[in-house]
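Shared between the two complexes below is chain A, which pairs with chain B and chain C, respectively.
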Partner chain A sequence: MATYIIRRLLGLIPTLFVITVIGFLMMHAMPGNAFEALVFNPKIKNGAALYHRLLAQNGLDQSLPVQYIHWIGNILQGNFGISYNYQQPVSQLIGTYLPNTLLLAVTAEILILIISIPIGLYQARKVNGPFDVSFSFIAVLLYSIPGFVFALFLLFIFSFSLGWLPSQGTISASGANAGSFLDHLQHLLLPALALALPSLAGYTRLTRGYTLQIIVADFVRTAKAKGLGSKRIMFRHIFRNAIIPLVTQFGFDIGGLFGGAILIEQIFTWPGMGELSLNATLNRDYPLILATTLLFAVMVLIGNLIADILLAASDPRIRLN
Partner chain B sequence: MSEPLLKVKNLKTYFTSRHSQVKAVDGVDFVVGKGRVLGIVGESGSGKSMTSLSIMGLVPGPQGKIVEGEILLEDMDLVKLSDKQMENVRGNLVSMIFQEPMTALNPVLTIGEQISEMLIKHRSMRKSEAMAKAIEMLRSVGFARAEQIVKEYPHQLSGGMRQRAMIAMAMSCEPKLLIADEPTTALDVTIQAQVLELMKDLRDRTGTSVVLITHDLGVIAEMADDMIVMYGGQVVESGTADDVFEVTLHPYTKALLASIPVIDEERDRLYAIPGTVPSAANFPVGCRFADRCSLVETRCRETMPELQEVRTGHWVRCHLVTK
Partner chain C sequence: MKKRSIMMSAAAVLSFGSLLASLGTAASAHTTPKLSGITNGGTIVQTFSTQFGANMIPMLDSSVYTQQILGYQFDTLLSIDQNDHLIGDLVNKWWYSKDRKTIFFQLSPKAKWSNGKPVTIADVKLGIDWLASKSYNNADQGSYGYLVQNIVGASNPITDGTTPSGFKQISNSEFSLTMAQPDAAVLGSMWQGIQPLPSFLLGKIPMSKWKSSQYDKFIPVGSGAYIMTQIIPGQSVTMKANPYYVMGVPHISTNVFKVVSPDVVDGDLASGQVTIAGIQHKDYAAMKKVPGLNFTITPNNAFDYLGWRLNNAVYGKEFSNVKFRQAVEYAINRPALINALEKGFATIENGPLPPVNFWYNKALNNAYAFSPAKANQLLDQAGFKIKNGWRTTPGGRPFTPTLTITSGDSQIATEATFIKSFLNAVHINLVVNPPINFNTVLNQLNGDANGKQPIQGFLLAWNLSNDPDPRGLWRATDNLNITSIDWTNTKDPAVVLNDKLIHEQHTAAAFDISYRKNILDQWQTLVSKNMPENFLYDGESIMAYSNKLHGVVFSPYGLLFPYRWYLSN
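The block that comes next holds the complex of A and B.
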């Protein structure tokens, strides 16, 4: 297993290389750069000279291949450069913002799993019963609504109308329990829910579908013929098999959830990677754009890797080949 | 005949939906003696599998249901047992093995786990005890490296090995009755012979009664003490295998025997019974074989013949065969 993971990790290197090249080219294809505005700023005397000095300072006067090699060389030494906009090391910025996004994404993942799997299993068990039929309807509804619409609904209901939960930020600025665990949790709940809801509906459908496929399998009949109890058959035989495609899908979706967080973060003014990458792009903050793009790519690849590992862990037919 | 273990009386298993009623098993009677092998033959769709699933209480619901009859295991009527009580019968008093060894085992559990979970359930064994017993069972069905096999997954075994593992599993709680539904149909001929040999050997060693379902009269001749021939959800002929083969009475059984290819006989082409089995959703009023029978008479189409004992222990359902 360990060698398998190492082999897979090494396999990611070429993919990452290609992604950095594409990201680099696309970034430079965007019109303008971080310093161009200075030229037209009437308050700055001799803007053009300053502009050229800044370009030279940041190596932007060199050809693209040279810039790229320079950048990648620095990255390999762990140096992501300094953000033009924030005037801080990029690695330090990511260190501040990434944990917030991870917290949001992981909470959403957990919500998805602990809510959708039991619902899907129960639906499959009582297929075409009243609960199954009504929840299938709800699931399709949830699935077809984009996350940011949920975000607005949730905000409207729970923050503005009922006043139960805060509408923005990660903690309260003041108040008795500002910064406490409960305070964190209250701030986390709505954005995580908004991020989770569409996938959650999708996962109940998947759980239900895979379970129904397995229920009719020959080996389930064998398990019944052995006189096993219905709970054991459900979990040890049916669910244990249905979970294989489910965890695989889950891994693939990790990257997507990360991307989906960008929009949700904006709505809840959640200081995460969404805010960072959006600001970077708007300001043509090249070092930050490259670093955040790379990070998103790494997240997708890690998700795929997790999918493969979970698949191998849950299916001996894969693991032993 | 020995003391009876299982008596099936007037068993009817129907599939009822809004539009139709499929009479998969329609009034079946037979007896399995202690330590005997009963063979069940019949064409596809004649109700062999549904008969055996009825005994196991595994008729696919909610459409499928036993609508009438008794299944007496010693003195206990299995039809009347609750779901929970049936759990203690399945795998414990009566076990079953199926046709498809490739798909009948759970792909994500080891062979050892799949055998031992039965022992844990029915014999209240601890895990380690159950695993030791699983190894012993695998050895008894001819696995030399049983210690490794318990740790392996079904996909690591060949078809024949899987079916032997299935048999080891089915026999692990020392059931009184083993039902095998076409256990060798999916296997190579040489492996078939080994698996049949193994079943016979287990029967001799343990005294377990066996119900063996097959399309293949050769397998019946080889294995069975008694046999029943099924057609259209009914028994059309039953008796000891020797009697049925030597003094074949029912025209359907005769036709089945005639359709076995014989190697040393020069025949232009294989004999096949003309026509097809009538649909179980729409049986004729008279004899169900009438349309395909070369000896058919008017009364055959008008009234259904009864299953009659025409010689001692030899029963036939045909108007033309009498004492």
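The block that comes next holds the complex of A and C.
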């Protein structure tokens, strides 16, 4: 297993390199840059001179290959540069915003798994029963509605109408409860639900489908013939096998949830990587664009790696191959 | 507050005067109803539609929201009132030398920092030194260095910690600032905005280290109405009332600025999570039905315009013909445009200053009333002949000018469609290009010295500062003029007169307000007549606020006098 993981990790290096080159070139292909707006500030005495000075200060007057080599060299030393827009080290910004996105994505994943798998299993056990039919309908409905629509619905019901939960941020700005665990939880619930609901429906459908495939397998029939209890058959034999493709999907979704969080973060004013990367792109904040692109790529690749590792762990044939 | 993406907003052109005003000054103005007894205490929540910047040393961050926060925390030498007149703030008296080159200031004896220490001349000096310093101007972008550039000795960045020779301390409470030439606009558009800085705090740190100091992340003292007590990055800033505020202790004890998505701000207002915020015009009718909210509509000190690249390689000659631009102005049905796009919340704009501005020339009120007949007449006179239903250039070429619009705002696309139909009605075959990113528009304008960029016509807007000084934007040599419309042909007598009037409006004689107003009236008439860009309209902002909030003065320059606001039970 260790060799397998090391081999996969080494395989990430060329992929990341290609991603950095593509990201770097695409970023520079976008017209304009972070300092161009200064020229349009009528109060700056010599905007054009300031503009050129800032370009030089930030190395943007050099050729693209030179800029790229500098950037890669700095990255290898752990220096992501200074954000043009925030005027802060990029690593500091990521240190502030990444935990928020991680918290949101992990909570959403947990919600997805603890809700969808039991429902999917129960649907498979009671296939074509009233619960299965009605929840299949609900699942299709949930799956076909984008997360941001859920976000608005949830806000309308639980924040604006009932006033139970706050509509924005990760914690309250003031009040006796501000900053407490409960305060964090109250702020987290709605965005995590909005992020989880569409995937939750998908996972329920997958769990149901895979379980139904396994239920009719020969080894299940054998287990039943041996007189094993239905719970033992369900959890020892059916669930363990049905979960293998779900685990793979889970790994892929880790990267997907990061991307999916962008809109949700905007709506809930959740200061995470989505908002950071969007602002970086709109402001042509090159160091931040590159760092967030790299981070998203790493997240997707790590998600895939986790999926592969979990798959290998649960299915020995993967390792052998 | 509604922010059109076409606005060359925040980073682009919002000038410091309007920023300061938005912190606490006044206007044409509406005031929330007052109650007989004023209650002290309570919390209000205001909103930002996007994140604020993280640098809390005054003038360092380019974010308009950070400047707004710091404007609550650091008062300026002078403020402006709702009529755009200068009023005392940390300085309570000011007067001029006979030659008008020097302005004397007297600090208010009530001017104190939030820890009770008096605001001193050393603090004023530090504020000036900071804006004039090499550290600020060369390393930290120096967006507000212009505030002190007219002080003798500060025309170029100077060594950190040195003071421009035009600054003189006269006594413990009096100082003077001297300029090389008398300039009537300097006080209103520049020096009034200087913020004294706490020398007992920042004076001990070299300016080159300010940005990396702890105070750049959180600055615990201020001279303004509210002082920050907590910052949650990217989310909120909580501020407490300053017990030593120069104008008196604010009634409301806690003032919270929250970042709230414009998509949900209406819901937050309705549910009471936000006390006061701008709403979109399209939501006004629905929001009026929400109980517990009041509304105020205020014209913006800004305007939308249709620009033409007068140096364009393809049609620059045609765009440069004043009759073409006048014809376009007559051809556009602006009342219909305002009703369709802004639900009626806008005023027609016929010149370079919006009607709400104190300096606006009211004689322009009825210029360019919608008249396709006049438009056709002017185009005929200019030689744009009609062939197969469409006009050709006076030289006989097909005339198909393009209109560039920015992406991300469906209203701009609708506006472009309207303008196309209005111009089509006078046989101008305007082609609306697919929307492009705002940065791309800036890039094309900025790189169009030879007129060969694809941009021809474009829709943009300007936010203006409280002072009407046209320098920076309208003179033939101004970079902004060159990079936007390029109305710079100095062989054009109108451009020559334009530059002459702009010069005259800030000379020694222009210290007399009526004289300056007269010159600015002439200038506005000239620009309106020559229409170097097609002025469209001055939009209005709709503010919604809790009916428990009182004492707020709404103005084109922002919400004024926060220390006077109060909450009823």
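In the analysis below, the second predicted complex is superposed on the first by the 318 of 321 C-alpha atoms of A that agree within 3 Å, B and C clash if a C-alpha of one lies under 4 Å from a C-alpha of the other, contacts with A are read in each partner's own complex, and residues count from 1 in each chain.
Quick note on the criterion: contacts are C-beta pairs under 8 Å (C-beta built on N, C-alpha and C of every residue); 3 or more make two chains touch, one makes a residue touch a chain.
Not measured: the values here are computed from a predicted model.
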item: Partners on chain A (chain B, chain C) - clash or fit; value: fit
item: Chain B versus chain C as contact partner of A:314, first or second or both or neither; value: first
item: Chain B, chain C and vertex chain A (Cα centres) - angle in steps of 10°; value: 160
item: First, second, both or neither for A:30, with chain B first and chain C second; value: second
item: Contacts of A:222 with chain B and chain C, given as first, second, both or neither; value: first
item: More chain A residues in contact - chain B or chain C; value: C
item: Partner chain(s) touched by A:237 [first = chain B, second = chain C, both, neither]; value: first
item: Partner chain in contact with A:267 - chain B first, chain C second, else both or neither; value: second
item: Minimum distance between Cα atoms of chain B and chain C in the superposition (Å); value: 48
item: Chain A positions touched by chain B in one structure and by chain C in the second; value: none
item: Complex contacts: residues of chain B adjacent to chain A; value: 56, 58, 86-92, 95-96, 98, 100, 103-109, 117-118, 121-122, 153, 155-156, 166, 169
item: Of all residues in chain C, those that touch chain A in their complex; value: 8, 11-13, 15-16, 43, 45, 50-51, 53-55, 60-62, 138-146, 149, 211, 230, 232-238, 254, 256, 258-261, 263-264, 267-268, 270-273, 437, 439-440, 442-446, 465, 471-473, 478-480, 483-484
item: In the complex, chain A residues that touch chain B; value: 217-219, 221-229, 232, 236-237, 240-241, 244, 314-317, 320
item: Chain C-touching residues of chain A, taken from the complex the two chains share; value: 30-33, 36-48, 50, 53-54, 57, 85-88, 96-97, 152, 155-156, 159-161, 163, 166-171, 173-174, 266-269, 271, 275, 279, 282-284
